[in-house]
Amino acid sequence: MARRYDSSTTTFSPEGRLHQVEYAIEAINNAGTSVGILARDGVVMASERKITSGLLAPAKTSEKTYKLCPHATCTVAGLTADANILIDQARLRAGRYAYQYQEPIPIENLVEHVCNYKQAYTQYGGLRPFGVAFLFAGYDETHGFQLYQSDPSGNYSGWKATVIGANNQAGKSLLKTEYGVKKETDGDEMKTDDPTGGEEIELPDLAEACRLAVKVLNKTMDGAVASPEKLELFTMSLDEEGNCVHKILNAKESGEIIAQVEAETQSAGDT
Amino acid sequence: MARRYDSSTTTFSPEGRLHQVEYAIEAINNAGTSVGILARDGVVMASERKITSGLLAPAKTSEKTYKLCPHATCTVAGLTADANILIDQARLRAGRYAYQYQEPIPIENLVEHVCNYKQAYTQYGGLRPFGVAFLFAGYDETHGFQLYQSDPSGNYSGWKATVIGANNQAGKSLLKTEYGVKKETDGDEMKTDDPTGGEEIELPDLAEACRLAVKVLNKTMDGAVASPEKLELFTMSLDEEGNCVHKILNAKESGEIIAQVEAETQSAGDT
Amino acid sequence: MARRYDSSTTTFSPEGRLHQVEYAIEAINNAGTSVGILARDGVVMASERKITSGLLAPAKTSEKTYKLCPHATCTVAGLTADANILIDQARLRAGRYAYQYQEPIPIENLVEHVCNYKQAYTQYGGLRPFGVAFLFAGYDETHGFQLYQSDPSGNYSGWKATVIGANNQAGKSLLKTEYGVKKETDGDEMKTDDPTGGEEIELPDLAEACRLAVKVLNKTMDGAVASPEKLELFTMSLDEEGNCVHKILNAKESGEIIAQVEAETQSAGDT
Amino acid sequence: MARRYDSSTTTFSPEGRLHQVEYAIEAINNAGTSVGILARDGVVMASERKITSGLLAPAKTSEKTYKLCPHATCTVAGLTADANILIDQARLRAGRYAYQYQEPIPIENLVEHVCNYKQAYTQYGGLRPFGVAFLFAGYDETHGFQLYQSDPSGNYSGWKATVIGANNQAGKSLLKTEYGVKKETDGDEMKTDDPTGGEEIELPDLAEACRLAVKVLNKTMDGAVASPEKLELFTMSLDEEGNCVHKILNAKESGEIIAQVEAETQSAGDT
Amino acid sequence: MARRYDSSTTTFSPEGRLHQVEYAIEAINNAGTSVGILARDGVVMASERKITSGLLAPAKTSEKTYKLCPHATCTVAGLTADANILIDQARLRAGRYAYQYQEPIPIENLVEHVCNYKQAYTQYGGLRPFGVAFLFAGYDETHGFQLYQSDPSGNYSGWKATVIGANNQAGKSLLKTEYGVKKETDGDEMKTDDPTGGEEIELPDLAEACRLAVKVLNKTMDGAVASPEKLELFTMSLDEEGNCVHKILNAKESGEIIAQVEAETQSAGDT
Amino acid sequence: MARRYDSSTTTFSPEGRLHQVEYAIEAINNAGTSVGILARDGVVMASERKITSGLLAPAKTSEKTYKLCPHATCTVAGLTADANILIDQARLRAGRYAYQYQEPIPIENLVEHVCNYKQAYTQYGGLRPFGVAFLFAGYDETHGFQLYQSDPSGNYSGWKATVIGANNQAGKSLLKTEYGVKKETDGDEMKTDDPTGGEEIELPDLAEACRLAVKVLNKTMDGAVASPEKLELFTMSLDEEGNCVHKILNAKESGEIIAQVEAETQSAGDT
Amino acid sequence: MARRYDSSTTTFSPEGRLHQVEYAIEAINNAGTSVGILARDGVVMASERKITSGLLAPAKTSEKTYKLCPHATCTVAGLTADANILIDQARLRAGRYAYQYQEPIPIENLVEHVCNYKQAYTQYGGLRPFGVAFLFAGYDETHGFQLYQSDPSGNYSGWKATVIGANNQAGKSLLKTEYGVKKETDGDEMKTDDPTGGEEIELPDLAEACRLAVKVLNKTMDGAVASPEKLELFTMSLDEEGNCVHKILNAKESGEIIAQVEAETQSAGDT
């Protein structure tokens, strides 16, 4: 019966649902997974590369991670053609803001702009929602490092750690268990009694966050162990002068992290 | 048979109903509850936070409560992506009014502007109604503190105390019983013979209103006792210079109120 | 079979009917009743307040009665969100006319403007009719006090006394019996042999009209006796300088009228 | 089967018919009847007032007859809200013509303008035809007094005598019998052997035309004898200075004509 | 099955047909017949007047024949409301051309302009084709007298003699037999062995063409003998100064031609 | 099942077909045949005249062949009303190009412009494809004489010889056999071993091309022998000053060619 | 069931698929195959010519390969009318960029522009996707030679070697086996252990790439051996001054390559 209400974005079902938006979200649940983790000293985003072929040319800049402005980057799950349109919007907005106010755009302002753009495609006839979800990583002076997630409905929220794309549920439940929990294996000083207890958990540093991101992808990719070809690891941090550093790890660097994770898992025995 | 008339906002059913608007209201009845209570010396709005996860970043400003201008704030139930659009409209309107007339916008004027905007989405083809209800709290010199509620149809009305979102019926019936009734437990001077008798009930003060708001949320959240993580308490009052003070209570402050409510309920025996 | 033609305003049924307009009128027949009565020395409009709750804030100005310009006021039955749009139109029109011609807009001109606006929503695709009926009370130098009724089709007509909203048939038949008939109980000088005979009936004065309006509401509200909370009584009259006086009766004033009506009914025995 | 082609003005049926236009004409066949009769010295138009209630306010100017410019008037059958739009168009057109060319608009030009406007609503999607027919009475120097009829299709034609609205067929057949036939009862000099023979019939004078119009309404109103409340009689003639005189007969005047008709019918025995 | 493709002008049927255009043509086949005949010294167009009533006012100029500019006239079969729109277009075009180039518009240019306008209504959605066919009679210096026919599809072609409207097939076959054939009865010098043989047939003069046109109408009107009231005869010719003379024959003139035809038919025995 | 996808140009069928475009092509396959043949010293285009009646006026210029600019001409198969629109576009484009660049438009540029115009009508909603195919003959300095064919989809391609319209398959297969093959009967020096072998076939001269074109029409017209009335022969060639000569052969000239073809066929015995 | 969601680009299926886009891709899978191969010193693109007839005129420039600007060229599979529109867009964009910034447009920028244009046709109502896929070959100073593939969804990606059109799967699997693998037969120095291993495979030179492209076409054309008429071979390379050289091989040149491939295959025995 739901079928009577599911072909148009301008129709609510009797239960108050917007089926077309839900279907667009479904498009994302089949896409390559992306993980985002907020660290003490930066943000980590790791994305699965779904199509890997020796015939593919190496991406000129990156494949899943798009720099929006000097202090914001996003990663994408879903229809990449749709994503390109929104990324153009975001870059334009960031550039215009910087030009108009002579200061970098606040991250949430940038995210909200993209999401308001998405929302319009869920309320007007003759359109379909954008079939794409984003993770936004950014830094501004007021709120420091930030991580946002948005979906086709135009909703967004700030996260310390989250997953979008295929198997995101599995990834999220791993994050709940592992994020902010002191790991005995590396003698870290993080301590928290209540991992879900709001403010008081201590954030991991970038290195830990990278390892955790790899672990999550290991899990979402049906247990297959990640290889440098199959994932893209991005870190955002600050240099000594306080500038934002965007870095996509090369194959060697990400290979080392994968090896560490494997070693860790080995030593931890069966999880 | 109603189905023939329920897929478009531009179609009346033979009984003169607009089903799409009713379905949009349904979307709100599943959303997190919000309570608004007018006090002698301010307005209280309390909202349930539906999604609570240790992985969620603490909202930069607030989650459910949006400041519109120096003397008006709203809280939201329903699709937050839709709400963002309307909040932008409201801010724009308030700013333009202040600029044009060099005085703050009257609250009802602001509310009506948002509601007229909503109405258009119920009368033109190729659109769907906004799936969002609002509580507006505001202050102006003519009418003092005010509380308004609006729904997707574009209707609005002023209330002394009201509830929107999930279980709002249960919340409203609690309000009817408790609002404006002298409570013996705290020795207050409020007295009224007829709680539903129009003008003559005495308004509670902010502290009482906060406690009553928490009680209502306790009830609408299926009896679960509220915790500071699960609700957002907002108060609007005036400082000595007559400026409007917007305050979102922090975890400690709201924790104390919750504790008071619990104590009160305890001592009152079974309700 | 009518169903094939009833989902769009741009479709005539084979019998030449516009079903969508009829459905919109249906929306009004479920709304709170409003009575309008032309008096010798003014106009009376009385409206039922459907929702009465002690938690509702008293309306800042009024609830069902809207001043359009210094010499015109309307009352509303139906979707209030729709009504707000039309009221804005009416105010704009009245203001522009006054500014352009430096004299008050003739009442019928104002009414026709609103009705032409309504008509457009019954003839163009992608729209639905306004689900609202109006009573307009006004005064101009040419025609004195006037009372108009309009419905969603954009039709309007001048009346001496009429009813819109729920049970309007019952109300109208009461009006036919009582309007312009000399009442023995108060020794009035009104006399007429033929109450439906066009020009020659004598108009009641404002006080009589108020009492009659309350009687009609008593009847349309399923026999329940009106209380000051449940109705809004509006009178328009002229002061000594010939200015139009708009007055919404307060609880005490309307209470007295209700009491008079009750006494009258009592003494008249069973009606 | 016709049903497949009857819901849109932009669809011809296989027989080349426009059903929506035919349905709009149906709307008129249920409306109050109007008769137009061209006289030697003017034009008469008589209209049935369908709704007669003692509570209706007397129309400020007239109810069914609308002056368009100093030398043209129309009467209406069908949806009056639709008619108002077209009357505004006609007035605007007449005024603009007079302003631009400094001479009165020729009647047929005015009629054609209104009809072209109507035609557009029968050929473009997302619209419905105007559900209204007109009789236009006018005078210009070239063609003298004229009478036109138009229908929702945008067709129009000049008539010496015609009927629109309910029972127009019955009315027309009476006109065929009586129009231009010498009446012995009043010793008139009119003579014609062939009442349908084109140019050569002698036109009645205004008084005869009025009586004939009343007779026709008597017939179309199911034999009920017309009363001054139930009809509106309009005459257009020239005064001594050659100016067009528009006159709506008052109750007394039309009452006299009705009485004459009755007397005539009486003396003529059974018709 | 054709029904799936016949409700919109923007849909080809699988056989490559445009059913809506065909249905519009059907509208014309029920309309009053018009005949056009090219003569040596002019053009003749004769049209049936379908509605004849003694109550119809004589048309001010003409009923079926419309002058477009000093050297072009058209006659119409089909929906006259539609025709009026196109005639306005044609007049506008002719006037603009004359103004811009200071010379009369070539006839084919004028015809093509109207036909291109028609074509658009067969290719764009939300429109219906014009339900009207035209005969255009015109004269220009390059090509002399010309006769064109156009239909709702926007097709047009030049003819020496043709028929549109009801029974046009019967009319055309009569034309094939009689047009360009020497008639012994009136001692004319026209001679031709092959009436369908292209260039070499000798054109009739205006008088012969008029008689032939009447004969054709006699046939298409189901054998009923034409009367001056039932047809409109138009001739275009040149006066001594080479100006185009448009003439609609009055009742006497056309009566004489009808009489001649009758006499001719009588003497010829049974056809 | 294909029927679900065949009513709109904006819908692909599951096999990736655009049915509406295919149906439009079908409209052309029922239209009069046109042949185009590239010759050594020009281009020949021959078209069947489908409607031949002695009552048709001889076309003022030509019937099936339209000059676009001094060096390009086209012939048409399909809906001529549609064709007129495109021919206007082509002429406008050619004129503008010549004006802007002060040199004649290259032929392929002109063809592509028309085809891009056609393409739009296959991709946007609320439109239907143009139901018309073209042969374009042209000459420019870069590429000499050229022949192009386009269809409703907006595709075009250059041909040495091709056929559009009814029975085009039969015509094309005759062309394959005969085009570029030395004919013994007229002692021509053309020689080629592989008539389908790409570059190396020698082009016929204009006279041969004319004869071949007539042969093809003979075949496509169901074996009926062509007559001067039934076809239109067009040749484009250069005069001594290098100007493009457009020539439509008159009845005598084309009659001679038809006779030659007949003689040839006779002498060749049965084909 | 998928059928409910497959007729419009603005509808997601419940699985989050856009069926219309998939159907458009289907249109390409039936089109002539095109191969693109990135070489050490240039790019090779080879396309199948589906329609080969001796009557087709040789294309003026090329048939399947379109130069976009001095340093970019594309080849096309699918609806060529659609492709023309996009090629115009690409040329316009490249020209404007060069004019505005006075430097050649980066290849990926050009490709993304075309793809964003395509994307819009998958998200807005009343449109259909472009039924065309592209291979883009280009050179810029930053990234050297590049090869991109795009499809109707607006997706694109960079490839070292890829195939579009009919049998592209078979072609791709051949590429996987042969691309970057040292061929013993010609003593080349290319060596790689892992042909799918990302960065480290050595690119072939232009000559090898040409031979490989022919091999792929041999395979996709159902084993039929390619002939110069049936394919179009394009190479892009740099001359000594660093300018981009676009070359479409003539029949002789491509014939030689085909012969080499045949010889190679022969000597290699059965593949």
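Points worth noting:
The chains carry the letters A, B, C, D, E, F and G, assigned in the order they are written, with residues numbered from 1 in each.
The criterion applied here is as follows: a contact is a pair of C-beta atoms (placed from the backbone, for glycine too) under 8 Å apart; a residue touches a chain by one contact, two chains touch by 3 or more.
This is a predicted model, so every value here is computed, not measured.
Fewest steps needed to get from chain B to chain F, stepping only to touching chains, is 3. Chain E maps onto chain G through a rotation of 105°, based on Cα atoms and reported in steps of 5. Each chain gets one centre point, the mean of its Cα atoms, and the points for chain D and chain G are 74 Å apart. For the pair chain A and chain G, the distance between mean C-alpha positions equals 33 Å.
Centre-to-centre separation of chain B and chain G, using mean CA positions: 59 Å. Along chain D, residues 8-9, 125-126 each make contact with two or more other chains.
Viewed as a contact network, the protein chains form a single closed ring in which every chain touches exactly two others. Of all residues in chain E, only 4-5, 8-18, 38, 108, 112, 115-116, 118-120, 122-126, 142-143, 146-147, 153-155, 157-162, 172, 175-176, 179-180, 194-199, 201 touch chain F in the complex they form.
On chain G, the positions that touch chain F within their shared complex are 3, 6-9, 19-20, 23-30, 51, 53-60, 79-82, 84-85, 88, 121, 125-131, 229, 251.
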